[in-house]
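See structure below.
Chains: A, B, C and D, in written order; residue numbering restarts at 1 for each.
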Amino acid sequence: MSATTTQTSTTEYTSDEMMSIAAARALTGDTRCFVGIGLPSTAANVARRTHAPDLVLIYESGTLGSKPDRLPASIGDGILAETADAVISVPEVFNYWLQPGRIDVGFLGAAQIDRFGNINTTVIGDDYANPKVRLPGAGGAPEIAGSCGEVFVVVRQSKRSFVEQVDFVTSVGHGQGKGDRERLGLRGAGPTLVITDLGILRPDPDTHELVLSQVHPGVDVDQVRAATGWELRVSSELSTTEPPTEKELAVLRALKEAS
Amino acid sequence: MLLFICRTFVRYANEGAGVAEIVSLAEAVAALVHDGDTVTLEGFTHLIPHAAGHEIIRQGRKDLTLTRMTPDIVYDQLIGAGCARKLIFSWGGNPGVGSLHRFRDAVQNAWPVPLEIEEHSHAGMANRYVAGASGLPFAVLRGYAGTDLPRHTGTIAEITCPFTGERLAAVPALNPDVSIIHAQRADRRGNVQMWGLVGVQKEAVLAARRSLVTVEEVVDELEPVPDQVVLPSWAVTYVAEVPRGAHPSYAQGYYERDNDYYRSWDAISRDRDAFQAWVCETVSGAEVATK
Amino acid sequence: MSATTTQTSTTEYTSDEMMSIAAARALTGDTRCFVGIGLPSTAANVARRTHAPDLVLIYESGTLGSKPDRLPASIGDGILAETADAVISVPEVFNYWLQPGRIDVGFLGAAQIDRFGNINTTVIGDDYANPKVRLPGAGGAPEIAGSCGEVFVVVRQSKRSFVEQVDFVTSVGHGQGKGDRERLGLRGAGPTLVITDLGILRPDPDTHELVLSQVHPGVDVDQVRAATGWELRVSSELSTTEPPTEKELAVLRALKEAS
Amino acid sequence: MLLFICRTFVRYANEGAGVAEIVSLAEAVAALVHDGDTVTLEGFTHLIPHAAGHEIIRQGRKDLTLTRMTPDIVYDQLIGAGCARKLIFSWGGNPGVGSLHRFRDAVQNAWPVPLEIEEHSHAGMANRYVAGASGLPFAVLRGYAGTDLPRHTGTIAEITCPFTGERLAAVPALNPDVSIIHAQRADRRGNVQMWGLVGVQKEAVLAARRSLVTVEEVVDELEPVPDQVVLPSWAVTYVAEVPRGAHPSYAQGYYERDNDYYRSWDAISRDRDAFQAWVCETVSGAEVATK
C-alpha cells in the first residue's frame, strides 16, 4: 500500500497506518458517521474499538448502527446488516436519514481534491465524453458532501491527487471559497478535515482554502508542499500528529487481519 | 492560531443531540409539550398513544395545533378538554362506531373553544409527513384533482413536472414541534421497536423537532421480530415506559383493542356534562372539575 | 340496521343483507380490492369466502392480501396484519400501491352521492365553515376514487343520500359528466357500480349519469325513484337481482356473528 | 341494452395481470427481455442477479439500456459481451477491488460497441426508482447543487417549492421495461420474500413494466423473517428458481460473498482476449466464440 515506514520508540508503522489512525481520532463520542468503504471504514471501525465506542456507523447499503467485528469487505457486506440496530432500504437511507441532516460526519475518499476541498471521483481529463480515465462516478458522495454536518476526506497525498482545480466537481467542498456553500443551499459545513498520509489540512476560516495544519511524525513541510498541486499555505500554528499508540496499531492490525 | 471551521456541528435535523432519555410520562410531556405547539399523536387504529394524550389534558396544555391522519377518540378528548385551537387531519371519526361528538361540537359550536381545521386526504397527510421526515419543503402526489378540498385548504398547490409538463398536487411538509407515538418495546439505550400495523409513525417522529415514544416495556435486548420498525435511540428525544399506554387501542403481542370502550365513548361524548365528568374522573382528578 | 325484510322460497333476509351480497357478487376472480371498513369490508369478505377465494384485500392501514376469518372491527384490526401477505407503512400503501394504479377496485361508502357519482363525506350544508353536519372527512377516498381501476359505491338509498348535487365533492365520480375525469387527469374509470339496499345503478356510457339498471327482489322502480333526489333514469333492460342463496346468507351471517 | 362502462379495467400499472408464473430462467429471459429494452438488474452488493445477467448474455440480447445504481461485475460482463448501448448509473466499480475494465474500455474505446452513459448520484437514482414505483413522473431531492453532473446529464432539472420558493433538484421517474432481482425465497403462488440488505429492489420491481425474480428456492410457506420485504405475487411477472443465482454476490442465510471471484475478475476483465475466453467458457459455450 504505502512505501514509507516510520519508527517510534518501540513500534514501526506505515504512513497509511498513520493516516487511518489520524482519521479514527477525528471521530469522537456519539457521532453519527456515514461511512464509505475502504479507508473511511477502516478509520471508523478503529475509532469504535478504541476511544469512541458509541460511534454510530451508517452505511449507504442500508444499515444504521452497524457494529462489525471485522472490516467489511464491501459496503454491502452481510456483517453490516447482521450487526445493525436497524436495516432499511437504500431510498430510506438517502431520504429519511442523510438528506434531513441527521448524520454528523460524512467520510469521503477522492481521486482528486482541490484547493477548496472539491472532490472528483468521475473522470480524469478535461473532456467528459472522452476521458483520460473513467472513474467509478458519484455514488452517494454529492449528497453526503451536501447534507452531512461536516465532511472528513481521507486520501493519499500527491501532486496527482491534490490539484489546483478538479477536472470534474463530483462533490462540492467549499466551491470557489467562503459563502459558496450557502449560495448553493448546501446545509452542512463541508470538508473540515482532510487527512492524508502526510498530515492534516483544514479550511482557512476566512477563505475556506485548505491549509496545512498538522504533519505526521517524520514528515516535513517541504515534503507536503511537493505533494500538493497548488501553492500550499501552512498554518502559523502547525503541529505534529501524535504517533500511533501501540493500542491503536494493535486494533487496526487486528481488524485488517480478521478480514 | 487559526480558528478552523467549527468541528462541532450543530445538528439541524432535530433539536438537541445524543440519545433518547428514559423518563416518566409526566416528565416527558412537561419537558416537550408547550402551549401553542404543533403536536402530533400518531397511530392508525393500532398503537395509539392514549396515555400520553391524557397526560397532556392533565397538564392543562392550551392552544395546541393537533395533527393526525385519523383523529379518533383521544383527539376528541383533547379537543373536548379545550387543549386544541386547530386540527390538521384527513379523517376524524370513531372507527367502526360513528362521529366524534366533541370534535363536532367544537367545529359547529366553538365549544369549549373554537377549533380551526385544516383538512387533507390520507394520501396528502401521509406525504406531508414523508416530506417532513425527508427534510424537503413539500411533497408531490396525484391527488385532490376535482375535489372541493383545495377551495378550503390553503396547503394544497399545483406543481408542473419539469420533464413531462404534467400537473400534479403539492403539499407542504409537516414538521411538528413534538411527535408522540406508542411502541411495543425499547431497550435501555432508548432504541425503539414496533411491529404490526406501523402506520405513519416513523415518518411522524422523523418529521418532528422533538419526540416521545411511550412503550409497553423497556427490555435489555430487542429480539428481532418480523415486520419490525426500529427507531434508533438517537432519532428519539424521550422514551417513557407506560404499560397499556395505548389502551383502548391495542398493542400487537400485548393486548387486544377494547372495542367496548370505543362504543361506550359515543354516549359519553354526546353530552357536555357527561364528558366533563369523564375528564374529571378518569383523566384529571379534582383540579380540573373547577376550571 | 334495515327495516325491510323479504322472503324467498325458504329464507328471509334483510335489504342490507341483499345489498352486501350484491356487492360481494360484483367482486370476481383475482381482483385486487381496496377495502374500506363497514359495508365494503363485509362484502369483500363474503366474496372471498364464496365465489372469489383469490380476491386480494388491501386495507389502507397497511396490509396487502389480508385473509381475516372474522369481520375486522376497524380498518386497523390486528387480524388484518396477522393474516396479510405483506404488512407495509401507510405512506407506502398510498404511494407504491394505490397511486400507480395497481388496485383494480376501490370500494367506497358515501354520506351523499349525486347524479354523476360524486361523493361527499365531508360536510352537510352549503357553508363549509359553518356546516349543518360535520362528517369524518376524506380519509383515503379522494385518491381511491382517482387511482383505482374502478370504484364500487355501497350506500343505503334515500332522498337524503341520493342528491342532485353533493354539498361538497370529497371524491370525484364522473364530475359533471363524460370526459371530466380525463380532463382532471384521473386515471381510473371511476364509479362503475352503485349498489344500494334497493338495487344497482350504473353510469350511462354516453353521459355518465347514474341510471337504475337492477332492482333487488320485491323492490319496484317507483320505490327507487322515491328514494332518489334527482329524476332517475331507468335502463331499458332493467333486471332483477337474484335473491341471496342460502350459502351466501350463511357466510354473511357467520362472518357477522364471529365479530 | 345499454353498454355500461367496461367493468374489466385494463390494469395500467404493469403489463398483464394475475399472479407471477414460476418458469425456468431461460424461459423468463426469453419472454421478458427484448433487444432495445431498458433493463434493470438491481442489487446493492447483496442478492445481485448474476445468473440472470449471464442468461441475457447467453441469449445474445443487444442494444439494451441498462440501469443500476451500482453496476459492478455482472454489468461489466454484459457490457463486455456487447449487450448494452447505454448505461444509466451512479457508481460503476468492482467494490473493494477497483475499476470495471470492460466498462472503461466501452466508454473510452467504444469496445466492443459504443456505450452511452447517463450519470446520476445514488440519491438521484434511488429517487428515480421511487418516482417510478409511485406512478409519478418525477421526484424531488436536495442534490446535485454545485456539481458538474447537471452539465452532462440531461435528466436533472431544477424545481421551485410552491410554498417556500426554495429551489431543489428534480429527476424523472425511471420505469424500466424489465426489472430483474434475486431473492431468497418464493412460495408456490409466486409471493417473493427477501431480507438482509434489500437495497432498492422493491422500487426497481414496482417501477418496471415487467419483472423477474430469481430465487434460491421455492417453498410451500414463507416463514416470516425479521426485516423481510415481501412482494406479492401479483406485483411480479415471473419467478424462476435459480439456486446460487446471486453468486459471486451473496444471499444472506444461504451463502457468503465470493470475494475471491471479485478479485479474480480484475485480471480477466483487463484483457479483451481473457474476457472473451471467459464469456465463451463460463457463460455461453461454443456458439458465442464464433461471433
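Basically, a contact is a pair of C-beta atoms (placed from the backbone, for glycine too) under 8 Å apart; a residue touches a chain by one contact, two chains touch by 3 or more.
It should be emphasised that the depicted structure is a prediction, and the values quoted were computed from it without experimental measurement.
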Comparison of A-D and A-B by number of C-beta pairs in contact, larger one: A-D
Most distant chain from chain A by Cα centroid: C
Inter-centroid spacing, chain C versus chain B (mean Cα positions, whole Å): 30
Averaged-CA centre spacing for the pair chain B and chain A, given as whole angstrom: 39
Chain A-chain C separation of Cα centroids, rounded to whole Å: 58
Where chain B touches two or more other chains at once, by residue number: 135-136, 141-142, 166, 202-203, 227
Where chain C touches two or more other chains at once, by residue number: 95, 99, 147, 187
Interchain pairs in contact, sorted by label: A-B, A-D, B-C, B-D, C-D
Residues of chain D touching chain A in the complex: 44-46, 69-70, 89-93, 95-96, 99-100, 103-104, 107-108, 119-123, 126-127, 129-130, 141-149, 152, 166-167, 196-200, 202-203, 227, 229, 250, 252, 256-257, 259
Chain D to chain C touching residues, read off their complex: 1-7, 9-14, 17-19, 133-136, 191, 202-203, 206, 230-232, 234-235
Footprint of chain D on chain A - complex, ascending: 37-38, 60-63, 73-78, 80-82, 87, 89-91, 94-95, 98-99, 122, 128, 130-131, 133-143, 146-147, 168-172, 175, 180-181, 184-187
Contact set on chain B toward chain D in their complex: 135-142, 155, 157-159, 161-164, 166, 168, 170, 172, 224-228
Chain B-facing residues of chain A, complex: 30, 32, 56, 64-65, 85-86, 95-96, 99-102, 104, 147, 149-150, 187-190, 192-193, 202-205, 208, 211, 213, 235-237
